[in-house]
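We call the chains A, B, C and D, going by the order they appear; numbering starts again at 1 in every chain.
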Amino acid sequence: MNTSTLRKWRHKLHEIIYEADTPLGKAFDIVLLVLIILSVVFVMLESVPKIDAKYHDLLNIGEWIITIFFTIEYIARIITVKRPTNYIFSFYGIIDLLSTIPLYLSMILTGSNYLLTVRSLRLLRIFRILKITRYIGEATRLRRAMLLSRPKILVFLFTVVIIAIIAGTIMYLVEGEESGFTSIPHSVYWCIVTLTTVGYGDISPITPLGQFIASVIMIMGYGIIAVPTGIVTAEYGRASQDVQHNTQACPGCGIGGHKDNARFCFKCGEELNPEELTM
Amino acid sequence: MNTSTLRKWRHKLHEIIYEADTPLGKAFDIVLLVLIILSVVFVMLESVPKIDAKYHDLLNIGEWIITIFFTIEYIARIITVKRPTNYIFSFYGIIDLLSTIPLYLSMILTGSNYLLTVRSLRLLRIFRILKITRYIGEATRLRRAMLLSRPKILVFLFTVVIIAIIAGTIMYLVEGEESGFTSIPHSVYWCIVTLTTVGYGDISPITPLGQFIASVIMIMGYGIIAVPTGIVTAEYGRASQDVQHNTQACPGCGIGGHKDNARFCFKCGEELNPEELTM
Amino acid sequence: MNTSTLRKWRHKLHEIIYEADTPLGKAFDIVLLVLIILSVVFVMLESVPKIDAKYHDLLNIGEWIITIFFTIEYIARIITVKRPTNYIFSFYGIIDLLSTIPLYLSMILTGSNYLLTVRSLRLLRIFRILKITRYIGEATRLRRAMLLSRPKILVFLFTVVIIAIIAGTIMYLVEGEESGFTSIPHSVYWCIVTLTTVGYGDISPITPLGQFIASVIMIMGYGIIAVPTGIVTAEYGRASQDVQHNTQACPGCGIGGHKDNARFCFKCGEELNPEELTM
Amino acid sequence: MNTSTLRKWRHKLHEIIYEADTPLGKAFDIVLLVLIILSVVFVMLESVPKIDAKYHDLLNIGEWIITIFFTIEYIARIITVKRPTNYIFSFYGIIDLLSTIPLYLSMILTGSNYLLTVRSLRLLRIFRILKITRYIGEATRLRRAMLLSRPKILVFLFTVVIIAIIAGTIMYLVEGEESGFTSIPHSVYWCIVTLTTVGYGDISPITPLGQFIASVIMIMGYGIIAVPTGIVTAEYGRASQDVQHNTQACPGCGIGGHKDNARFCFKCGEELNPEELTM
C-alpha cells in the first residue's frame, strides 16, 4: 500500500464522512442521523423511572453500540482531515467529542448526572447532517435572516428585560408577599412570564390595583410582541435573495459553506477536492 | 332508456355532485354542508353524558339518517365518475368512505370507541364543499402560501424541538422531581408548553436557578415566534399574485382545480363538460 | 321664530351634534366622551359588592344624570336629522337608544340583570366620537385593512376550528374523563385554549401519549399563528395608500364617511352642508 | 489656573461624561454601565429575605459607594454643561437625580419602601449609555418605527380594551360569582388575561356557555394579535432608510442626536466641539 493509494483512500473517506454529494456520503449521513436520534431517545427513556426499571440493560447496550460508532467516526474524522487541530477545536469538533466521551466518563465518575445534558448536546450534530436534506437552502436563509436581525432583537429583548425589572419592582411593592410576590427577583420572573404571554398562574395578582397593573403589562406585552416580528419579516425579505447550495467541505480543516466556484478553502487555503470539479 | 339518455343523466348527476356552477349543484352542496356539520354536532353531543342520557334515541336516529344519505352520495359519486378507482383512492374518496362506514362497523364491533375520531374526520369534507363559497380564492392563496412556507417552517419547528430537548434536559437536572420535572420527556413537554407561550402551569419551576433558566427560555420563545411569521408574510406576498376561481371538476376522475379555459383534465386527459362552455 | 330661523337653528344643532369641525362640535364630543366613559365606570363599580355597598346612592345619582343627558341628546339627534327613521334604524341609532333605555326599563322590570351588558354597549358610541381625534386616519386605515383581510381570516379561523374539533376528539379518546376531558365539547374547548396559546391549565393532559399529542398541537398552534399576521401585514400595506379625513355627516340620515369633494350623501342623496364648502 | 485652562478642563470633562468618541469617554461609560447594573442587582438581592439576612452589611456598603459615585457624577454633569437648568429639567437630568437621592432620603424617612421603585428607575440610564455600543443605529430605528406606529397601536389597544369591557360584562352575567367572576372589573381583568393569550388560570369559565364564549374570545384574540404586527412591520420597513450614528452631545445643553456634519446644536445653538472636527 503506497502513499498514493493511502492518500486516495483517505480522500475517499473524507468525501464519505464530510460531504453528501456521493451515494455513500448520503448513506453515511442517514445512518449517523438515525444513530443521533436513537441515542437522544435512549437518554430520554432512561430518565423515565418505569421504562428504566424494565429495559435498563437494553438501553445500556444500545448506548454502548452508539458510543463505539461515534468513537470510530470521531477518529476517522481526525484521520481524514489534513489539519486535525483545526477540526478538533472547531465548533462541530468539540460537539463531536462531547457526544462521545460522557459514557466513558460515567464509568470513572459515578453519579455524574450532569453528563446527561452533555449527551443531549448530540442533537446539535443534526445541524451538520442537515446538509443532506433539500432544506439546506432554507436553513441558510433562516440563519442569515436571524443573524441580520440579531442586533435589533438584542436591543428589543434588552428593553423587555428593563421593563420587566421596573414593572416587577412595582408589583413587589403593590402585591407584597401574601400574593406570592416574595422578592423582587421573583416578581421580575412573574413579570417575564406575563410579558411573554406564557402565564403559568403559579403567581398571579390578587389585589385590584395589582390586577390593573398586570392588565397594563399584558396589553403592553401584546403590543410589544409585534416588534421582533416586524424586524424579522423585514430582514427575512432582504435575506431571501441569494443562497448557496454547495455541500463541499474543506479536506484541510473540514469547514463548509464554500462558494460553488471556490477552488481553495476560505479559512485555511487548502485546495478543495479537484476530482469533484472534473467529475 | 338508451345509452345516450343514461349518459346524459349520469353527466347531469356528475355536475350536481361534483360542481357548484349550477343552481342544483349549489343546493346539493349546501345540503351536504348542513348534514356534515349536523353529524359532527351529533358526535359531540353524544359524548356529553347528560345530553346522551336524555336524547340518546334522537341522536341515534339522526346519525342513521345522515349515514344513509352519505352512503347514497358515496355510491352516486362512484357511478357518475368515469374512472371510479381514481376517485376511490383519492384523498377525498377515502375521507368519503371513512365518513360513511363507522356506524355500520359499530353494529359489528361493540365498544369501538375509536370510530369516534374517524367520524369527526367528516369535517375534512367541508374543505371540498368550500368551493361553493366566495372564499375559494382566499383558501387557495392561503394553501399556496402555506405550501411555499412549509420547508422553512419545518426547519424552524425542527430547531424549536431541538431547543426544547436540550433545555428540557437542563431543567430536569436543575429542578428535579420535587418540582414536577419527573423525567426528561416530561421536562421537554414542559419546555414546549413554555416555548410556545401556552404555559399551563401544571408544572412550573420552583428553584431560583430554574426560574432564571425558564425566564431565558420564555424570552427566547418570545423572540423566536417572530420567525415563522416573517416567513409566512414573505411567502404570502409572493402567493398573492394569480389565483383561479373555477369550480369545475373532471367527469373522468373527479379532480378539481382546472384553469378557466381548460378543455381537458390535466390529470387523466378526460374532456371537461363541453355543455358548460356553450351554456 | 319663523321657519328660516328654525331651520338655521336646527342646522347649527346638527353641526354641533354630528360633526367635529367647529369648536362647539368638538366641545360637545368631548363632553359626550367623558360621560360615556363615566357611565361605563359607574356600571363597573356598581358590580363590585364593597363599592356598591358604600357608594350605592352616589352611583345611582350619577347614572340618572348621565341617562337624562343621553335622553336629551337622543331626542336632539332625531330632531336635527332630516330623515329620522334612517337614523333610528342605523347602527349608531340603535346603539344610542340602547344606551339610554336600560335605566328606565330597570324601574319597570326588577332584577333585570341583563340590562347591564346593554349598558356596557355604550362604549361602542366612542367609535363615533373618535372622529374628533387625530386618530381617525389611523382608525380608517385599520378598519380597511381588517375588512380586506376578513375573508382570509375567516377561512383561517374556520381551519383552526376544524383542527380543534378533530384534535379535541382524539384527546378525549386518549386522555379520558380522569384527566378532565369529560366530553368532546369540553375537549374541543381545551384544544382551543391550547392552540391559541392561552393555556389556562384548568384541564391539562396527564398521560404521556396525551402530553405528546398536546405538544404537537402546541407547536402547530405556534406555527399557525403566523398565518393571520402575514395576511394582515400584506393587506395593511395595500390599505395604507389613500385615506380620507373628512368628518362631515349627512344632514339627512346622519351617515358619515363622505368623500372630500362629495356634494350629496351617498346613501340617501341629501345635499351635504353647502355652507361648509363656502366657509 | 486661568479661565482658559479651566474652560479647557471643563470641556475635556464634558467630552468624557457626555460623549463616547474618545477612549476616556468610552471607559467612563463602561464604568457607569457596570455601576448601574450592580446597583440594580443590589436592590433586587436586598429584597430576597435569605440573602438580605446574610449579606445585609455588604449590600449596604456597595449601595453607598455607588450612590457617592452617582452624586459626584451628577454634580460633574451640572458643572460641565453650559446651561445647567436645561440639563436638570431634561428627561435624563431627572432620572439622574432620582438615581441618586433615594439612599439619602431613606436616612431621613424610615420605612420608605417606595424608594425601591425609584431606585430601579436607574436602569433607564442605561439607554443613555447605549450610545457607546454599536447598537445605537438599531435602537434609533426601533424607536422611530415605534413612534410611527404609536397612533395606530393606540387605536388598536383602545379597541382591545373596549372588547375586553363588553366581553367581561357578558362573562360576569354568564358565569357569575361561583366561577370566580366576582365583579365586572374582575371579569374584564380575566378577559384581558385571555385576549392577550396570557391565561393564568386563576379564573376560568366553568359553565358550557361560558366556555363557548371564552373560546370565541380566544380565537378573536388570536386573530387580533396579527394587527399590531402588521402595523409595526409596515412602519419598520419605512423607518429603515436613514439613521445617524453620531454620539456627539452639545456642550451647551447636553442634548444628543446631532447630524454628522452639524456644527451647532439644533436645540440651543451652542457650537459643537470644534476639536472633534479637526481631530
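Throughout what follows, a residue touches a chain if its C-beta (ideal position, glycine included) is under 8 Å from a C-beta of that chain, and two chains touch if they have at least 3 such contacts.
Note that the structure is predicted; figures quoted are calculated from it, not measured.
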Given the two chain pairs A-C and A-D, which is bridged by the higher number of C-beta pairs in contact? A-D
For the interface formed by B-C, which of the candidate pairs A-B, B-D or A-C is equivalent, sharing more than half of the contact pairs by residue number? A-B
Rounded Å distance, chain A centre to chain C centre (Cα mean): 46
Nearest whole angstrom, what separates the Cα centre of chain A from the Cα centre of chain D? 33
Multi-chain contacts only, two chains or more: what residues does chain D have there? 156, 185-186, 188, 197-201, 225, 229, 231, 233-234
Interface residues, chain C side, partner chain D - complex: 40, 43-45, 47-49, 113-114, 116-117, 120-121, 123-124, 126, 130, 134-135, 138-139, 141-142, 145-146, 149, 153, 156-157, 160-161, 185-186, 188-189, 192-193, 195-202, 225, 228-229, 231-237, 240
Chain A to chain D touching residues, read off their complex: 151-152, 154-156, 162, 165-166, 169-170, 172-173, 182-186, 188, 194, 197-201, 204, 208, 211-212, 214-215, 218-219, 221-223, 225-227, 229-231, 233-234
For the chain B and chain D complex, residues of the former touching the latter: 197-201, 229, 233
